[in-house]
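Take this structure first; my questions come after.
Read from first to last, the chains carry the letters A, B, C and D; within each, the first residue is number 1.
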Amino acid sequence: MLINVSETVVADALRGLAAAHPELTVDVENRVVVRRDAPVAGKVALVSGGGSGHEPLHAGFVGPGMLSAACPGEVFTSPVPDQMVRAAAAVDSGAGVLFVVKNYTGDVLNFDMAAELAEDEGIQVARVLVDDDVAVSDSLYTAGRRGTGATLFVEKIAGAAADEGAPLERVESIARRVNAVSRSFGVALSACTTPAKGGPTFDLPPGELELGVGIHGEPGRERRAMMTSREIADFAVDAVLEDLRPQGPVMALVNGMGATPLLELYGFNAEVQRVLGERGVPVARILVGNYVTSLDMAGASVTLCEADEELLRLWDAPVQTPALRWGR
Amino acid sequence: MLINVSETVVADALRGLAAAHPELTVDVENRVVVRRDAPVAGKVALVSGGGSGHEPLHAGFVGPGMLSAACPGEVFTSPVPDQMVRAAAAVDSGAGVLFVVKNYTGDVLNFDMAAELAEDEGIQVARVLVDDDVAVSDSLYTAGRRGTGATLFVEKIAGAAADEGAPLERVESIARRVNAVSRSFGVALSACTTPAKGGPTFDLPPGELELGVGIHGEPGRERRAMMTSREIADFAVDAVLEDLRPQGPVMALVNGMGATPLLELYGFNAEVQRVLGERGVPVARILVGNYVTSLDMAGASVTLCEADEELLRLWDAPVQTPALRWGR
Amino acid sequence: MGRPRTDARAAVGAVSVVLDAEFCRRWMEAMATAVDREADRLTELDSAIGDADHGVNMRRGFAAVKAALEDEPPRTPGAVLILAGRQLISTVGGASGPLYGTLLRRAGKSLGDAAEVTPEQLAEVLGAGVAAVAQLGGAKAGDKTMLDALEPGVAALGDATREGEVFAVAARASLEGAVATVPMLARKGRASYLGQRSVGHQDPGASSSALLFAALAEAAEGTEAAEGTA
Amino acid sequence: MGRPRTDARAAVGAVSVVLDAEFCRRWMEAMATAVDREADRLTELDSAIGDADHGVNMRRGFAAVKAALEDEPPRTPGAVLILAGRQLISTVGGASGPLYGTLLRRAGKSLGDAAEVTPEQLAEVLGAGVAAVAQLGGAKAGDKTMLDALEPGVAALGDATREGEVFAVAARASLEGAVATVPMLARKGRASYLGQRSVGHQDPGASSSALLFAALAEAAEGTEAAEGTA
């Protein structure tokens, strides 16, 4: 690994982020990344965060049109409430703050505590839970579906709504709507190596793959002999469509887990688009790249978000962050 | 690997690129990627290309403000002259075409043949050779320094000059100037796996690293026991500065080789900035990310480009490509 | 420091221990030492059915607890536990931070500002803490979580009061609870994502909870040893 | 097809072979078969001191050559070699595409539109092709490139003309040239980046060049075998 010692990995990364992005205010000690012009008068602010190791999520999505602040935790470990309260205080213009929380026990508990504390400080807080991963069944017998690729759609689209000046309840309800119409499925071709452990987080022999893997080095639910890009696309898209059943066009995120070359990821996108065509699902927008990663894990995930006029308009709205930029 | 069969990797990727980027015209059969609005009247066109496996280089840099077209070869294999001639014909507005060629025997030979053929067709062609890798000594006893990270500076800055309406000789001379003031050094923490070979291209045991590695799975010139991010930054920056000795501020590209997590890459950037500070080199611009990759190789490279007012202005000029976008 | 007293409230082996602020500080310190020593094992367990960070999380959290208690030693058992809980919440993150933080904070709050407590009282307030953990995380016994080691530990502490070796018994009960998670199917936390594949592995959080009771026993033993009366 | 003739120009073993267009097509076909069979070995060699694609490059290129020659078989040896060279340039890429392409194209052009050629003539035009390769790539013998197998092959072809077994002798000489690259320090191509570390490995391009001469010998032998006269 390209690190000094595992203990300083997150702080080192934040120093490097601060140097590269003068448009962000990076509080390395307290681990809060804030857009420089926050708070933006009259606008709802978006705060997200989660374990580190998924870069560019979330700090790479801080900027006009998307997040107001991000709270990076230790690698694969939810941030602590202190970070979120500090972030909320830094970005709240009085119009309130939306917490975007991926559905993991740790993230939920810490953000809930933070919400209580922030409200004690007079900040109006709403929360949206992202839970899009169909590999986990959403039953009483699990912690519920995990939050993965849909986070990008929620943060982009809710960020655009906030940018337009929508009030907190409206930003919150759009965020919830995006989550409700988004589903993901991921596969791993290799495990990832966390700095603390120094070795692979699970054992995946070459020539096998994990279907339904998470983004924290958690093993998936099923292991198989290696499949082709074509077969994986069939499997992943069908897993998503079994749950989503879109009525209209979708937006598609074909996301790399970290170590999968863009060359392969674009090839995988070709197969994903083929399946969607075969299943009769029109595709309105496609984003291909490494956005919600799992350190150096090889693999990919597919997220589909059912689109309507409003969501497409908000998706297309300008965004200026380190990892996502378009519009003018 | 997330592929179908190794033979179709490049074609599959181009199909996926075409789907994701309607603003590009992708000729999958002939392997030419052209910006949709080409030829742009009165403007010099830039054509580059090289072996695939370095994505987003070059196809990800096609668009307003940067390349007019890219010619992807097989993985780690220079494209063939037919591609370049076709690209030149597609983008030439009559103002001429600049070929941006990385200094590898194959690229040089194929682009030279293409230049001859294109000139036969009445297209005015100039060529800039990028050779920035200080790991290779530029002597009669080698093929000369390799072209690596400086390619991004050359393509961005020459692209901006062309966009401003500079004539061919001027675009060419700026491109040459950028190359002359740019130097790079790379390290690998793991070898990469090419689709054709299916295994690592060289043997790098865990706990060792290659210093001065290329971007084609070529082993480097020296192997050492694993070093810290801090030590690697010292080594890489000093190797560059030994050759470059900048008088003024530099632009820095801290580039990931493919499988190095952004978390680690930003941490590495912090160390690179520290060394530069210690060496008294002011830094005017910093770009951190996976731009000139080597499939799934873990590692990073540092490129420094000595800046002046004009180069900074051209660097900051708007660019709208899949992988690099800013300005408006 | 714990010292033999005639009005002893806790019978440990043949000797009695005073559960004062210093004792609680020693308990937290023993826990810090234990999770530091066992960090790799806890992470390894978490790597099998979670995300490979539980050992690192516990080490970071209890190191902070120890440092905070050394900085400004609180003067009552309740204050020690509240400070420890706050530190865990502020430094651990993940699922375990808020859960362990809540456990200790709730227990500490329930103690009020008493200078000394009995094992019964400790069992009682830890019971309140465990209930808060169950409420916060929505888990119950058998879900393959820390609760499976916390509940038997607390129960033993309450039961065994007048039996002698109360802390050692609780530690044993908690460890048995942790081991009993091996055949369980996880229903909460990350391990639940694995479905059937979670079976056959010991829960990391239950394992660290067993360490918490072992540390409690050690803190008590430490007194005996220090007094040379065991 | 080659057939025994009294005015034979090439003495191969005890029999003579006509070097016509069909012979050249067979040569290219034998080369396609050889690089297909040896692709993994060539790639492996390239993986040690290059970028692990030489076998794939050669396979792709000569498969295209073979297909093009089958599509529209040219009628003179020169036309066969020109078409083969063009195909290599248009399908291989890398360093080897333009270099092998130039070798064959230049040789073919030098042959003009003769319907049959002698081995001396073939040696001569291949010599011109090798010179063009040297000029294009700027390499010379001893730089650890394909030239180190091409030059001895061509030289042997020219020398051995009246000796019999001319093609087998050239193939042997070329192979020896390839093997002799092992101790060399690379001065051209990717291997030159390695400096001293290039020593101890056989050059991939020299290895495929040896196959080119082996294929030539095979094409000639094929005739003998076909005629049952060897």
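Basically, a residue touches a chain if its C-beta (ideal position, glycine included) is under 8 Å from a C-beta of that chain, and two chains touch if they have at least 3 such contacts.
Remember, predicted model here, so these are calculated numbers, not experimental data.
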For this session: Quick one: how many steps at least from chain B to chain D, stepping chain to touching chain?
Result: 1
Exercise. So which chains are sitting against chain A and chain B at once?
Worked result: none
Exercise. Computing the C-alpha centre of each chain, which chain sits at the greatest distance from chain B?
Worked result: C
Problem set entry | For chain C paired with chain D, centre-to-centre distance based on mean C-alpha positions, whole Å | 77
Problem set entry | Separation of mean Cα positions, chain D and chain A [Å, integer] | 55
Problem set entry | Intercentroid distance (Cα basis), chain C paired with chain A, Å | 34
Seminar exercise, completed: Two or more other chains are touched by the chain C residues none
For this session: Identify all positions of chain B at which a residue touches two or more other chains, and write them in rising order.
Result: 75
Exercise. With chains as vertices joined when they touch, what's the shape: line, ring, star, complete or other?
Worked result: line
Exercise. Could you list each pair of chains that touch, in label order?
Worked result: A-B, A-C, B-D
For this session: Would you pull the chain A residues touching chain B in the complex into a rising list?
Result: 1-5, 8-10, 12-17, 19-20, 52-53, 55-56, 60, 75, 189, 228-230, 232, 254, 258-271, 273, 283, 286-288, 290, 293, 295-296, 298-300, 325-326, 328
Seminar exercise, completed: Note: in the complex, chain A contacts chain C through residues 6, 51, 73-82, 104-106, 109-110, 113, 135-136, 140-143, 146, 194, 196-197, 201-202, 214, 216-219, 221
Problem set entry | Complex contact set, residues of chain D against chain B | 43, 47-53, 55-57, 60, 89-99, 136-137, 185, 187-190, 192-195, 197
